[in-house]
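Shared between the two complexes below is chain A, which pairs with chain B and chain C, respectively.
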Partner chain A sequence: MADLNFKKVAKEDKQDIEQTRRSLTYWQDVWRRLKNNKSSMVGLVGVIFIVLLAVVGPWLTPYDYSDQQSDFSNLPPRLDIREVGDKTFYVTRVYRLLELQDGRVVDRFADLDTNVVDKINHHAKEIILPINVETTQTYALPSSVTLGADEYYSEKWGIALGDTTYSFGDDAVEVVYIHPDSPFQNVEFEGSPYDVNESGYFAELTLVDNYGEANAEDAAYDFDHGAENLITALEDATFVEEIRFYGEEVIVDYSYGLMNDNMVPDGYEDVNLTIEYQGEENKYVTDTIHNKIFLLGSDTQGRDILTRVLYGARISLIVALIATVVNFIIGVTYGAVAGYLGGNWDNFMMRVVDIINSIPLVLWVILLMVVLREVVIDIEIAGRTYVIFRGTSGLGTIAIALGTVYWVAMARLVRGQVIGLKEQEFVLAARTIGVSNAKIISRHLIPNALGPIIVSMAMMIPAAVFTEAFLSFIGLGVSAPQASLGTLANNALSGFQSYPYKLFFPAAMIALMMLAFNFLGDGLRDALDPRLRKG
Partner chain B sequence: MTKYLIKRILTAIFTLLIIATVTFFLLRAIPGGPFTREKALPDAIIRALNEKYNLDKPLFFQYLDYIKGLLTFNLGPSYRILGFTVNDIIRSGLPTSALIGGIASALIVIIGIPVGIISALKQNSPVDYFVMFLATLGVTVPNFIIATLIIYIFSTQLGWLPSNGISNPLGYIGPVIALMGYSLSFVSRLTRSSMLEVLRQDYVRTARANGISERKVIFKHALKNALIPVITYVGPMVAAILTGSFVVEKIFAVPGIGRYFVQGVTNRDYTVIMGMTVLYSAFYIFMILLVDLAYSWIDPRIRLDGGAR
Partner chain C sequence: MDKKPLLEVRNLKKYFDKTRGLFAKEKKFLHAVDDISFDIYKGETFGLVGESGCGKSTTGRTIVKLYEPTDGQIIFDGVDLASVPEKEMLPYRRKIQMIFQDPYASLNARMTVTDIIAEGIVTHKLYKDHDNPEKAIQDRIYELLESVGLKKEHASRYPHEFSGGQRQRIGIARALAVNPDLIICDEPISALDVSIQAQVVNMLEDFQKEFGLTYLFIAHDLSMVKYISDRIGVMYLGKLMEVATSDELYETPLHPYTKALLSSIPLPDPEHEDKGKRIVLQGDVPSPINPKDRCRFATRCNYSKILVENDGSDFKQQIVGKYARETVIDHERHHAIVEENQYITEEIADMIIDFGVDKIYINRSKCFSEEPKLEEYKKDHFTACHFTKEIEEGTIK
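For the complex of A and B:
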């Protein structure tokens, strides 16, 4: 008889053979899948980074988003400096001389004094005015205007100015225009779009855009001899500025850049301006350095663009977040109720959704914004008025407008999920032990449909950022001095040709946000609902 | 089929009526009228203006008037652009917007779908990565930034394109590209992903196993099904593009219809806002209807009359 010598196997050995693996919950599994997806992790890191920047960033910069330092307006992130003697100067595009030390401005000097430039700018801006100011009206302006010629020419500056009368329907409009070759067109036209007609002259952009209503102040300008007067003033003008500081003299001569080509003296052909200080004359930019007062430059009112961009990102994110939450609450409730009740209720509620779905939503948001900004809802109780809702052009309004419009897709999605889930046994079990309908929806159905809901919410955030930027862009966004990224981009547009950096940074921030949220959203979709996975 | 069409058209009209009604009452809920100015007009003038535009009648009668006008395609006078009716405004702006939009839509379909297909067929190749990189960029950069960049690079720096207006045929290039940006990227991404999904399906494998040429498999069997989500997107997109993008028209100073809507919004020109809303909605609904009809043409399994969708 063989000696059967059975031995007890140690517990560890047994487990090794069974090949057990710690079971993962749904959410752990989602996290595992998300971690394996490279682009979504990039998105996640990006989102965290952007949120941190938006939340903490504005406190870390030395300025507030509304701090104005008008002396230092329109400084680019990189400054073209001129070193003369022992000082360093920077000349702004509007002919303002600043003294710099280590990239910081230490002193500023008065603007160009005999300001013919300003004079021209002033008139150029207000070129088009209805003569008859009493009947103010908005003109539907044509895309191009044909101008007659009655012009005055200054050989010294190579500038031609003209007066002409143009009629819009019944109204005569006096136009002063400047020859396109004139050096003055670069001076503070702020890069707005202007219209060049066949004869090669341009009239100011307000023409193209819609001037709006003129006021009596503008009408004070003497149109009859506008161009003639300006030319006479120009012929006498010099663009030399003498500044004294600390007992020393700085002479800035702006004439060369403005002069007609054949009037420029030898050796100054490509010189814009000269600075004379301590007997030295500087003709060219000597170096380009980083702007250390405003890392990303400053805007028209001398506000720090870095702070504004970070703050704008915060506003955009808050709007997107509130909109998503509102969208979540309405959409999920509506969809879950419709799906759970079923039958006629479902039919009716889904027809309503169908109708809303066939409305162009962007238009609807615009309409809602227009209304919500101004509407005041109040009730009168016992002779006293209580205001329930006061429309503002603040954050809340835009978030509500977005949230109340875009819930339709969410409602459809939740309804579909709920219809599938409500027939399952666990719902039946809950019902048999007498759980109320509201509780079944909120405790059993919605948590089980959470995956697709989260995906939809993640996709809603970039969409809301986009829409908000668009709304701000057409002037329906948050009101000044607050500014979202869209507002910043819109404000930068008017001076874009001269100051492209003002548009670049907000635009880059929007693009980064979109990219990060889209990547994360795609990753979440793949992780939460592998069935939806797309190539 | 006819029954279905009639039903759909009736629903569309009903929807439009609801949109017009809600828009009307929403706009009237705003305090202040179209004649509220910063510098207040004399009472007599306001009264005269209100009388002229029937704004002194009870709200309900104004509403009836408006609906009556709508049914006869008369959208009423503009309150702010004097001497113009909303119909005039649409007539002057719509052709331009539609032309630019038409070119953009056509290009989106002509470029976007083939690019998406190529990208799907060469999945994970450099071509695919390049296309997807561009497409992702296109979806993330708002069109006003694309538009500004076009002006900056091609008009200001290089001087190839006019910076605004469309008096020169070259002037169309900028607006068209800016309008296309987002949708072109979206369409090529959508085509790519739905093509990939269809190519993985059994019937495609069967077709290949039967020895049908690859070209036939792709164009005859796979493409039709892959196009369904694309068409769902393209329909409403065409409506949105044809009726003019507010932003692009503003930046390029195109005398299209989008500009008037934005102006109407800022000027509180009620009739213009309502007119544009109704026009735009009608177009949108029409495109959705077209999409639904296209479904059954592409995929006979989708039955229109009755049946589950």
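For the complex of A and C:
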């Protein structure tokens, strides 16, 4: 049985024990509530992740957003490869043949011309010529042979080369003539002896690193005309160790895809194209592998989509950030002043807001684009000139357009809050003390309206991202070579059916950003909701 | 108490423009405070009582110039604050402080107690000549907190961590921080528990003795006002009805409104409770928007009506040309023969007689046509009623 007898307590025990607990400030309380909200924490993590990606991401990829590699254009993130013999090939949609190893392109063959029926069979040759001779004689070009515009002849080696019609930026040339006494003559080409008149044959002559002792490498890398420079390089070379031709024959036959059904031979009914190499024939895609050079594929100009999406996210965030900061500074100041002054000032300032609010955004952006096109603002710091605004890039213009229009909603919100707050007794108390109007606004009114302001700003970021994407999408935004997510989506539209991945990744990025910011914004609204919290 | 007025309020008016719309034909003004005058002597407590909406708080707020007065003078220590432009108000703001009604709304939730109390000190740069101003301010805040019954540890807390009574103490500390001469207490205790009310009121009295403060104590709790005030002003619809010393007012109220108001105080003694002394006012408070030129209390005053009985010949002559005080309804035909405050024409008078009314209240014309002025009836006892003398002598009922 419990002790029911009361006892006298000592005097010091009667003193109230001061309840000491860590007191939460308003913001600690907000953070505590935000932490309890799962979806907003997901949003917060997402926002941090996206911001990190956008800030750091473009530096982590090996490409710049404007790097073009047009021979690797339109490569999807997953490659349908065909294995023949010991080689792995990938045929692009424009019938360019790429040789792959570990998901990386190691060799590139010529484009196939689908319009010329004669060229259906593509013969690419590689012959390694160990020409280990000091040439002592020269081989003059016979008078019966005339060279074309982009064809060059080396008397030292007795070989004439011509630029191929395509240019990859490095040396792709065509053997157009070989002198009967040339050392090259000893080489057995596949098929009949090399005949310059037979255009169905051609070989690619690739300079390898050790093709000559002379320092021809620099020349070779820096040319406009492959044949001319290669000839110069050959002339300078006193000793040729190895010249590499594509030798073994790879025959790509895509005639099956073009045939009528009744023409297709048995066993080739669903074959699109065949690749023949070393006597083996491949009819089907054998495997699908990751594209290791462009993780998310490449676009029409052979630019890395991953880099461009990350860069686009960065631009979208910059625009959103500028719009939000401008929005905060102008909107909060304007709204607070209008609400605090009240009366005719309030009336006048709010009518100005109404007028600004009635300007259609798209029209406003177009007008700004026209006006600001010529404007370039730069500043010079320590001898270096930094361009802070360039009208043609579109980025600054969009930021200005959003910044000048978006603050209107914020001004209205803050005005409403301030009108409600300014009759509160703590504001009257501050006025009684003699606190200046500017201080009342900055120390009393704005801090108490900060909850809705932050929520509104958090919601404004995805709205600004979306508007920027929309404007870029309809062609009013950021211009090439810079890319925002909207521009990327717009560019992807033209080849959407063939290359859906080009639209998918920018669109997914926009969606992710919107979701993350909206989740966070919702969580912030719940955490800061003034109706849940008083005093 | 020396007889030197610290604050002289002269013909103070505060009208609020309630005109709606740009093209309104007639401007509407809410006469919140309409031509009131009173003095507050140094070191005394002047109570201001009245029912809700009578303009007590507006008076207080206009005196500290939270509202710009429409007309009149607020002479504080010889300076007319009403004519001091806003920019030059700062030195006077230090001298007049205010304690607010709602302890939950009167403290900024985003500021610590230190920030709240220090705001006045910082604004008026009270310690700018001090060697270590920050330390001096901190010490002063601790001192203030202790004098209002809080602890040093409370300085770094936020208002939401305190109870209503503690918050009101912080509000008092804030007002005291700038060493004011006059404190306007705008119903400082009406939002508190009764037990806390007494503590706060006693604390205010202690400070008054200690610092020689002068209070303008606005309240609707009549017994608390009687307890704390030296003199009391009774307000009704923006007008002062009666001003007298506290005891005088409670013992011999002169104005009919004051009488009614005092009769509404519940007595804790059942013996004296409700011996038919309770005066119940009829009707509602009239609208304060564009009030008519008459005694504000006339519509509800028991003395502003005259009973006319139909005792024969001159009944008609007595009522024609007057205003009826009450509505006479013909219940059978469901229509009013005469409505309240309607002018009685000969025709209506005939109808009233035909209907068989044998007595009718009519308005006392002086009450309804002329505004009484606040006049000194006895020494230090002012009242605004045309018929004070007659009522006191019992000649009118």
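Here is the rule we use: the second predicted complex is superposed on the first by the 321 of 535 C-alpha atoms of A that agree within 3 Å, B and C clash if a C-alpha of one lies under 4 Å from a C-alpha of the other, contacts with A are read in each partner's own complex, and residues count from 1 in each chain.
Going forward, a residue touches a chain if its C-beta (ideal position, glycine included) is under 8 Å from a C-beta of that chain, and two chains touch if they have at least 3 such contacts.
Being a predicted model, the structure only gives us computed values, none of them experimental.
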Q: Have a look at where A:Val405 lands relative to chain B and chain C in the superposition and call it first, second, both or neither.
A: neither
Q. Which holds for A:Ile366: it touches chain B only (first), chain C only (second), both, or neither?
A. first
Q.
Looking at A:Ile318, would you say it contacts chain B, chain C, both, or neither? Reply first, second, both or neither.
A. neither
Q) Is A:Gly475 contacted by the first partner chain B, the second partner chain C, both or neither? A) first
Q: Mind working out whether A:Met350 is in touch with chain B, chain C, both or neither, as first, second, both or neither?
A: neither
Q: Would you check which partner chain A:Ser358 touches, where first means chain B only, second means chain C only, and both and neither mean what they say?
A: first
Q: Return first, second, both or neither, reflecting whether A:Leu503 touches chain B, chain C, both chains, or no partner chain.
A: first
**Q.** Doubly contacted chain A residues - partners chain C and chain B
**A.** 534-535
Q. Okay, in this complex, where on chain C does chain A touch?
A. 61, 64, 66, 89-90, 93-94, 96-98, 100-102, 104-111, 119-120, 123-124, 151, 153, 157-161, 171, 174, 178
Q. Can you list the residues on chain B that touch chain A in the complex?
A. 12, 15, 18-19, 23, 26-27, 29-32, 37, 80-84, 89, 92, 120, 123, 136-137, 139-142, 144-145, 148, 151-152, 156, 162-167, 192-194, 196-197, 236, 239-240, 246-247, 250-253, 255, 261-263, 265-268, 273, 276-277, 280-281, 284-285, 288
Q.
Taking the touch rule as given, give the residues of chain A at its contact with chain B in the complex, in rising order.
A. 137-138, 140, 142-144, 169, 193-196, 208-210, 213, 355, 358-360, 362-363, 366-368, 370-371, 374-376, 466, 469-470, 473-476, 486, 489-490, 493, 496-497, 500, 503, 507, 510-511, 514-515, 518, 534-535
Q | In the complex with chain C, residue positions of chain A that touch it | A | 18, 23, 25-26, 424-426, 428-436, 439, 443-444, 447-448, 450, 534-535
